[in-house]
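Going in written order, the chains are labelled A, B, C and D, and every chain counts its residues from 1.
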Amino acid sequence: MTGNLHEECGVFGVALNRKSDVAHLAYYGLYALQHRGQEGAGIAVCDDGVISCHKDVGLVNDVFSKHALSSLPNGRMAIGHVRYSTTGKDPRINVQPLVINHLKGRMAIAHNGNLTNDAVLRRSLELNGSIFHTTSDTEVIAYTVTKHRLKESSLESAVSRTMDEIKGAFSLLIMSPQKLIAARDPWGFRPLSLASFEDGYVVSSETCAFDSIGAKFIRDIEPGEIITIKDGQISSDRSHCGKEKRSLCVFEFIYFARPDSILEGESVQVARQRAGAFLALEHPAQADVVIGVPDSGIDAALGYARQSGIPYGIGLIKNKYIGRTFIQPEQTMRENGVRIKLNPVSSAVKGKRVILIDDSIVRGTTSMRIVRLLRDAGAKEVHFRSAAPKFLYPCYFGTDIDSSENLFAYKHTDEEMRRILDVDSLGFLSVENVVKLTQNPSLGFCTACFSSIYPCRPENGHEKDKYQSPLKENENG
Amino acid sequence: MTGNLHEECGVFGVALNRKSDVAHLAYYGLYALQHRGQEGAGIAVCDDGVISCHKDVGLVNDVFSKHALSSLPNGRMAIGHVRYSTTGKDPRINVQPLVINHLKGRMAIAHNGNLTNDAVLRRSLELNGSIFHTTSDTEVIAYTVTKHRLKESSLESAVSRTMDEIKGAFSLLIMSPQKLIAARDPWGFRPLSLASFEDGYVVSSETCAFDSIGAKFIRDIEPGEIITIKDGQISSDRSHCGKEKRSLCVFEFIYFARPDSILEGESVQVARQRAGAFLALEHPAQADVVIGVPDSGIDAALGYARQSGIPYGIGLIKNKYIGRTFIQPEQTMRENGVRIKLNPVSSAVKGKRVILIDDSIVRGTTSMRIVRLLRDAGAKEVHFRSAAPKFLYPCYFGTDIDSSENLFAYKHTDEEMRRILDVDSLGFLSVENVVKLTQNPSLGFCTACFSSIYPCRPENGHEKDKYQSPLKENENG
Amino acid sequence: MTGNLHEECGVFGVALNRKSDVAHLAYYGLYALQHRGQEGAGIAVCDDGVISCHKDVGLVNDVFSKHALSSLPNGRMAIGHVRYSTTGKDPRINVQPLVINHLKGRMAIAHNGNLTNDAVLRRSLELNGSIFHTTSDTEVIAYTVTKHRLKESSLESAVSRTMDEIKGAFSLLIMSPQKLIAARDPWGFRPLSLASFEDGYVVSSETCAFDSIGAKFIRDIEPGEIITIKDGQISSDRSHCGKEKRSLCVFEFIYFARPDSILEGESVQVARQRAGAFLALEHPAQADVVIGVPDSGIDAALGYARQSGIPYGIGLIKNKYIGRTFIQPEQTMRENGVRIKLNPVSSAVKGKRVILIDDSIVRGTTSMRIVRLLRDAGAKEVHFRSAAPKFLYPCYFGTDIDSSENLFAYKHTDEEMRRILDVDSLGFLSVENVVKLTQNPSLGFCTACFSSIYPCRPENGHEKDKYQSPLKENENG
Amino acid sequence: MTGNLHEECGVFGVALNRKSDVAHLAYYGLYALQHRGQEGAGIAVCDDGVISCHKDVGLVNDVFSKHALSSLPNGRMAIGHVRYSTTGKDPRINVQPLVINHLKGRMAIAHNGNLTNDAVLRRSLELNGSIFHTTSDTEVIAYTVTKHRLKESSLESAVSRTMDEIKGAFSLLIMSPQKLIAARDPWGFRPLSLASFEDGYVVSSETCAFDSIGAKFIRDIEPGEIITIKDGQISSDRSHCGKEKRSLCVFEFIYFARPDSILEGESVQVARQRAGAFLALEHPAQADVVIGVPDSGIDAALGYARQSGIPYGIGLIKNKYIGRTFIQPEQTMRENGVRIKLNPVSSAVKGKRVILIDDSIVRGTTSMRIVRLLRDAGAKEVHFRSAAPKFLYPCYFGTDIDSSENLFAYKHTDEEMRRILDVDSLGFLSVENVVKLTQNPSLGFCTACFSSIYPCRPENGHEKDKYQSPLKENENG
């Protein structure tokens, strides 16, 4: 419901020691990761050294008809990707996995994250005669791996050399005719986990995909780690581990990940309930009911209710049938207060003082509309609480948190925000507490969008703040 | 999640006093009613006396592409329908609205409910030379209206004569080139409400559709009432009112309706929370958390938690992206415990004594699977509570509650059920309390599926108990 | 290429004595009949007494995907239909076969032709309470058969009684759970032929469909004959034979039928070549080459060339890839002489005196455009010859030859036509010779559109000449 | 009908001096070239320096829905491509135009032909770190142009340097944000022509596309010529002209091109009629009728008839409605002599001695089937004549004429062929006469597939004769 916050991409890979219906496994894995990207999906299968791929724009459901899924052969390995694509022309070219041919054969690659130095690398490659089919940084990674592969004796060494060059956020899956390689950037911006499945392994952005196929979680892949799976054997290169400060995107806990996933050993649902509890402590209010904006504000609302002792209620119903091809109502209708996607439950809020919890406030427009819904339904007071701190700075690590001038909290004082939203009180989780959402003290977070403390600096061509950069298209999930 | 309980159909109508984009209004209305039928959808528009229709199998979203919706003209009236179709061959022919031509011109009809004497009427019509294109009782209604229209001076009189003949559940919308007629059976089995919208009126199975377009609720249409809207004027024929005992399907409150709808002045969400509270009083248990099966068990769980004082938790995550074209996993995968549609949140249930609330238990298989999910996720105890009493008898009034021999509670003793479900305790809401879900004492309910007290008897050819009747196809939403 | 002349419908039926893939047979049969109707297609299969149907708007190719075709079961009987639909709203409802239920069970019906008294029959049925789902006269036939079926002991008797009532053109296929019935109107306006296939029979509008599946032609069904096929046995009711003057539509030979079909024992190709030969005798010209407008003017051109001794040439190339979804060029482009569908071969016409043969001239616009193409390509002279006589009167027997005021030859003198078309000379086949296209002297033709001698008079509500009748929609193929 | 001979690709480009609906022009141009490739189509438009592209597998008709076509912006330039794709996995990746980004910006490329040294170039590029998204040689060309563009001052110079490196058949269109470049290989294997249109230019594989949009033919682009169109100005680089012997594929005249096209100043239809005339002189026969296999044998049959004085007839009807999604009959049906795609006209052949002309014989199977059709239809004698000489050697220049061991004429003696085809006599056009199909003595032909005289030798990795090469996929239209 936040309208303008999108996680950009989820990846899923499977490598078994015998031929199996790996495309189906990837299909169910991607279903579980669908919340991480709804604009495109794809699966590449490796069958006896031959890599086949099907991908297109749309939900997993749309892209993989029965016919399309069965057109992929059985094999021992597969990687899949779901994508939130930028609104560029012809988004189809950027759908992943990217499958390319180079001197040593074929290679498929799926990427969640965003490089901060891809413009520099791209220019250098172009100066050497490279051509690009896509506008995504994933192709830059593919080139860089290829470049090193010519000199290195193995693909995993080439990936290791690549990690010396590329900067920023990446949770990568690379499939060659023989191997599946999973790599995570040294900061660990994006999650990536490992599980066992039958006589092999599964890798996924989130553990909920393991549950969906019945795989058994082993551990998270470490920041900087490169894992290689070949013939049922797994090996790990930790040479890039520990080089950078751990910086998991804290918004994975607040918004992106599914509540039933476990990230770095911590339950997403528990973290969200803790966010609610901290909010109750930081920003208490006298009220009759606590309600959450579905789906990602629900757990924080429950946490707030438990901590404050104010009853938890279900005050907003989300229409779950709004699909991609939904025809938006016209402006006049919208102004007349249509409640198509979200409708208040009047019995839950009428005549009541309501504490409303959402995961965050980005541009403010959605929040404003929700408050108005509740007031129209008879809420006596509305106290808005955001489970995330104030967004003040852009993100360069794989989300579309925009330049400061487009961020509600950057442009307005607290009192202005309260008046614009038309709420009785307004409270944001503090940056001090956002890093305490999990109980593991060693787990470092990236809080750059709240604090401007960037774990690594974006290079030339990435300044979101100056103007809507022409390189915007390069940002990729 | 109950797997084999389906509401059959929702209807929506709009009649304005000037030409407008009524197809779009119907589209948004049907979206809000989508939970009442996901197998087919249709809209008929009346433009200057000319009736056009588009309908097909699929979700509203699938049936109405931008192109399809814009192919319908502007007009002053429209009726729409969402349908849960039986699994007969060629379900397309039964999609509604039904549009037919008779001596007096064109007529569109949309129907929610199920006649109990349609076989008798159909045979009598056939003996007179009638031919039927569909297998639905809606066509029987259309014929009966037509028959009376030849002798009556107005369509509303013909509908009134029709109501002398047809028995059972029906909430009907009939659109002629000049009028929109809404009628509800004298028992009031299925809901039907009236609202004002701009310079006209809107009729809908549920009030949530009014909210979706910003219409203003006026009142429920009474059991037995016939409302006629023409040129912005509304008139009512109450000659069939009060002839039968009020018998609103209680399962509308427990399962079918959306929690933000108001039926007969009573909030669906409040009724569900009361169900939970009664359950807590009737079937208490020592436990650490109360969780509901999403979506329809959630409110009852909250009601149980509040009454019992046991914390409410969110223990099951439903994948909202599973669409119609979802490819089901194979048997072997399913046995390996895939958790694609529903996944437990282990942090919410691990090591805990869980009270699990679902709206009902029909065949038991789905409930069994959910219990197993919780046990696998580490629940120490599972106490199952059903917000509906035991299903013991078939329904003939527009739901697919089957013959007794297919009903879990009919075939097994309480202890057998407990063992089959593998739960520590099991409790159903009592029939005494199910009629107290709402606070309005004058509101009568049909509880036939629990009590065998049928407000009206199904006639020949409807015995669900004897065998899978060939007339099964005739049942229609 | 004539732009506004359409045959309306083709029918195909198969009845075997054992279960087989009759849907596939119908599919290939309909392919062969596709030229008779490109707007809709359908197949109904009878499997052990159960009738299933799939139909939709579009070419056979579009309507029957692999999936759709395989959704039809195997069976012993099937009937199929291809349709040229009128441009009414929602053409889908008129696609055939029509499948209905009546007292005695299910019945599928496919119809090529046009009744002349359907408005009268329809009104009488409506007065008796009948409702109509479609606007086609096929539904009138279905009702009339049903009406008689209630009193008659067999379906074939009911069809016979129906033939006492209905007037006009019809080649009918009716399939009940037990029988396949084929009937042809007493005038024999539209063709209908019988063949043997394996252990059963096949019926088709044209013999080319027999060739397509390898069936063996037996004979034509006689005007007025009713044939019943049951359990591999065939029986014939000739009680309506010989009651009317044989009146096969002569335009079947000139335009509608495929050149490789045999109608009433006569080759269509030979008839067309004879048309060309008669034209050469009636309207000789000094010229260098004879060319035909593809496809239906080709054979007449060859006949003209042979008779006259002037060389035959191929002067116009038709783009065979123009499908239903072809996007028409805009007006300005069209005026600039685009040659997308038809392009002249300049080497064949440049500097030459050309005799151009088309099957007919209806409104003149298409002919005008073709002449201009040839002149632009350098033709020195163009002599236009029409293989049909002048269209002067409307047709009521299943083609869309329109009211006189829309017919080129009715509105203009010969010299006016010549000038409008911009040709050096113009000649039409004479009505005297058009009936000599075949060598069988006993074969009577309907020439009403040329001569105004109507074999049977259209009743009330069919006057095409007065105005564009609202009953236009009732005309059906 | 020859079943296994395919032209591979057609190209079309337009460059105007003002913004216009160039996508529509390309759409109609590609329609006219559809016979050159039915497996994929695409259009790239350049609008104010921004290049957009839409392409997919399928006919022009299927790929460009109204919606898809209108999604392309107006612009000053466009290039389009129709493709016959090899049967590799995922043919979508090879659909053209190829649109890539390099240091100097964006570039779209469309290619008809086949390089003979692409494997060598590809390996060299890969050794330098290049990655390939497609398996087509077009990407090799794109890389080579990019490589030279880094050093050359203009795109046309880079194309010129590229032509120093690449060998084989290519008719190329390259569009940059500013320019449209058209280039043809120095041998002139594939045709490429230039026309004027409004205030700009059009380039096309065949002149029939000029006719379709009303463009005015100027001249053929010369073998080796590079034409650059910028801001409405045209310039020509002839530095590669005259370096190689002119070697236009003679099969363009016999089979590939449309009869209304003019190649190198010669009419395709006239050339085919001359082929027929030469056949009549080389291989006379006593017969009653000459018939051609539609569509490409028709003109040769007419030429044979004129030369021999034996009447020309139309003896085979082709079903023009067989589309891409046509469901093939099963083996048993096929053996029973189904005549779905092609049906003989019995009146034209029954009891007659028939001379049957086809464009060529490749594997013999199709020819065998056609002869059998004619015999079944009652032909007394069948004398088969091929308008092409015997195929004895593979083609490396953009057609799929296969290795010798798959060619009918290579594997069998004349008498064996006659017996296998079951014909009374058999004759092929001689290689001496095939080069005389046109009247222009200076027009050199490639006759390698008949004579083994290859104008340029295929390099490593292209030996079709050894085995079904894994590089087969690299061959591209």
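By definition in this document, a contact is a pair of C-beta atoms (placed from the backbone, for glycine too) under 8 Å apart; a residue touches a chain by one contact, two chains touch by 3 or more.
As the structure is a prediction and not an experimental result, all values here were calculated from the model.
*Asks:* Where the contacts of subunit A and subunit D overlap, which chains show up?
*Replies:* For subunit A paired with subunit D, there are no chains in contact with each.
*Asks:* Look at all chain centres (mean of CA atoms) and spot the one farthest from the centre of subunit B.
*Replies:* D
*Asks:* Please report how many Å separate the Cα centroid of subunit A from that of subunit C, as a whole number.
*Replies:* 60
*Asks:* Using CA atom averages as chain centres, what separation in Å is found between subunit A and subunit B?
*Replies:* Whole-Å distance between the two chain centres: 37.
*Asks:* Quick check: what residues of subunit A touch more than one other chain, meaning two or more?
*Replies:* Residues of subunit A never touch two or more of the other chains.
*Asks:* Assign the assembly's chain-to-chain touch graph to one of these shapes: line, ring, star, complete, other.
*Replies:* Topology of touching chains reads as a ring, each chain with two neighbours.
*Asks:* Got a list of which chains touch which?
*Replies:* Once each pair is checked, the touching ones are A-B, A-D, B-C, C-D.
*Asks:* Under the stated contact criterion, what part of subunit C meets subunit B in this complex?
*Replies:* Residues 50, 52-54, 89-90, 93, 98-103, 123, 126-133, 135, 142-143, 146-147, 150.
*Asks:* Hey, which residues of subunit A end up touching subunit B in the complex?
*Replies:* 24, 27-28, 31-32, 34-35, 38, 59-62, 64-66, 69, 208, 211-214, 258-260, 262, 267, 269-270, 295, 298-299, 302, 306, 311-314, 317, 319-323, 325-327, 329-330, 333, 336-340, 343-348
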